[in-house]
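Which chain is which? They are A, B and C, in the order written, and residues in each are numbered from 1.
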Amino acid sequence: MRSTPLYSHVALVREHSPLVHCLANSVTTNFTANALLALGAAPAMVTAPEEAEEFTPLASALSVNLGTLDLPQMDTIRRAVAAANACNVPWVLDPVAVGVVSLRTGFAKQLLRERPAVIRGNASEIICLAGGVPSARGVDSTELSAAAFPAARELANATQCVVVVSGATDYVTDGARTVALSNGSPLMPRVSGTGCVLSAVVAAFLGASGKPSAFFDATVAAVAFMSVAGELAALTAKAPGSFAVAFLDSIATLDEAAFDATLRMETLDAHVVVAGRPA
Amino acid sequence: MRSTPLYSHVALVREHSPLVHCLANSVTTNFTANALLALGAAPAMVTAPEEAEEFTPLASALSVNLGTLDLPQMDTIRRAVAAANACNVPWVLDPVAVGVVSLRTGFAKQLLRERPAVIRGNASEIICLAGGVPSARGVDSTELSAAAFPAARELANATQCVVVVSGATDYVTDGARTVALSNGSPLMPRVSGTGCVLSAVVAAFLGASGKPSAFFDATVAAVAFMSVAGELAALTAKAPGSFAVAFLDSIATLDEAAFDATLRMETLDAHVVVAGRPA
Amino acid sequence: MRSTPLYSHVALVREHSPLVHCLANSVTTNFTANALLALGAAPAMVTAPEEAEEFTPLASALSVNLGTLDLPQMDTIRRAVAAANACNVPWVLDPVAVGVVSLRTGFAKQLLRERPAVIRGNASEIICLAGGVPSARGVDSTELSAAAFPAARELANATQCVVVVSGATDYVTDGARTVALSNGSPLMPRVSGTGCVLSAVVAAFLGASGKPSAFFDATVAAVAFMSVAGELAALTAKAPGSFAVAFLDSIATLDEAAFDATLRMETLDAHVVVAGRPA
């Protein structure tokens, strides 16, 4: 039996076990590695600037996270992104806390010119990257994801990439197409790194897909998979410690039937999107 | 119904969700972030020296941990502490393994002059900071907390801050007032970072309190809350892996009734304290 | 009742609680610290180059992991290894992803001349260090452990140290003696850092043993203990998130009776070894 269109991207990841080069932050790197392994992908956190140009081309995708950015990591990121672009390795930008501190805000805006395949952030981060006024709480999103939707579409059009806004409702847009997903659990933001993990998982889905024409669908599949996995984990785990454990188990075991039965996704009309009130 | 005096500090943290800037160590940064999120606070591990001056003033409190100190982090700590002091952001010093290696011992003693609001360490670390002879086991405490009590009081008086000595019995003193707490579990030192986490949680309680006049009570509340949470976690989890998970769950779910019913705390008389045998 | 010969090494670790200086990677440092604590050892992740020479001699053993190698860590490793050798502190080399990127490959080969007591890696890494052709998947092993056995024996003879090849079957050899162990669980490679953890645990066993003449047996005991602990954890935990938790619990609670009843170990004949088909 063939997989449903969205779940087929999950099957591709499990079949090909894409190698994902993660330039992660020091807070969530272990959780990211474990989530990728649970998914069936192969994480590699090679960090030295001197190793980036040699290693990134070996990977199926690159994930760049600015959570604990410093000058040495900026050097590594620049080299890894250049190598990725030279070798057609798709890369994902997670602009953690952009808008809060000027070093990372300026750096993230430089990176926008380096053709990320996907940008994934919370509402504040996406609004900032699109040129809006940033919030002041760092990794917290003080904005609702719906309020960031117009900025996400603008950013997608300006950079020609797929943009994901995470929140109670997640939005995925390439400027033309838009999907809203409303799975997940309030426990997800109570665990450090669920956003970082999603960015790396999106990279894994891009790497397994391989084709730029499939990147929008692969990104939707990644966001859908992780929010469904989180929602199902919250059925058994009621507090953040045990939820983090159950989330990894759910990523490893979520099958097509449970995925399809749980997914809540809608495609948004263009005129609704323009009004900025997508739901 | 109003909260009891000690638990009211917990309620403040959950209500205000203080942003805590953590200059953490690389071993326990994820556990620290997850504990703060479980508590209801907002962790931010901004690490670059270039970002410290801009970010620390946005936080409600700063937590400084010397566990994996290196020269770049010393630069970040100096800048973050100066910014904290300039903006009245209270900060907590966790002098991990001070007394064992000279770089961090010297640096910690410099930091004592930068007016930390609270110093939290194990017996060996507090004895060392007060000018005593250090032990040689690093992050292990080879001294009983009671033996460190005179040093803690001396250190509190010399630095005008609150000092916490962690151990089977925890002591909190500002030089004049002293409280001894005897909750917790032998599993707590079997999990890496329970001390580091407590220091960051103390910072969260200071940040939620806001008033220097309440810092002693806020610190007592933080120590009490975490040791009660650990003790209750140990009722269901009997080995360190599952205990770490249950501890996070307990931090997230511990309520006033269970807290009050479990707390074992006594205020010590000054003359007993002077004798150095507080129990 | 005296312990059986192999389990007596476990008892030594629990009795002496050896201090293990871990120069770890940023992905698995927390898991490594928690595994050492669960075992009954004392981890210390002192990372600054300036602290290495002073700290390493205080430790019972040193564990060197190249997973997230960069130039500052290379400086720390050089100093720590020199201090270890000067003070007869045994050290373990975990050559993560050697053969994939030239910086770490060259550095690992330099380190071979610094007399590690044990080298532990997967098949690809051991083949590379012995001068063979490396694989291209980084921390994944693309080779079966049995295929790496001749390289392991060669490497052990050339460096006069004990070599461990991890895989579904684990091999431990000092060039003359060889043991094959077939415990473990397919969930172990689904959790990030089970290999890194094993290397640090080997260091703990060396540190508790103290005698170079016992290093081969101590290494066999460490590999046996961890693979039995993993196998027993997989009896109750069926997915990688809960398995990681159960693995730590199992390390803390595994006793002699369960160890002896579960262990599957055989000593290999020299002529079989020469043929490169040890099983």
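Rule of thumb we're sticking to: a contact is a pair of C-beta atoms (placed from the backbone, for glycine too) under 8 Å apart; a residue touches a chain by one contact, two chains touch by 3 or more.
Chain-to-protein mapping (UniProt): A, B, C = Hydroxyethylthiazole kinase.
Remember, predicted model here, so these are calculated numbers, not experimental data.
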Chain labels contacting chain A (Hydroxyethylthiazole kinase) and also chain B (Hydroxyethylthiazole kinase): C
Rotation in the CA alignment of chain A (Hydroxyethylthiazole kinase) with chain C (Hydroxyethylthiazole kinase), degrees, nearest 5: 120
Copies chain B (Hydroxyethylthiazole kinase) and chain C (Hydroxyethylthiazole kinase) touch via same or different residues, half shared test: different
Whole-Å separation of chain centres (CA-atom averages), chain B (Hydroxyethylthiazole kinase) against chain C (Hydroxyethylthiazole kinase): 34
Junction residues of chain C (Hydroxyethylthiazole kinase), two or more chains touched: 26, 30, 244-245
Parts of chain A (Hydroxyethylthiazole kinase) lying in touch with chain C (Hydroxyethylthiazole kinase), wherever the complex brings them together: 19, 24, 26, 29-30, 33-34, 37-38, 42-51, 54-55, 58, 72, 244-253
Touching residues (chain side chain B (Hydroxyethylthiazole kinase), partner chain C (Hydroxyethylthiazole kinase)) in the complex: 25-28, 30-31, 67-71, 97, 100-104, 136-140, 189-193, 238-242, 244-245
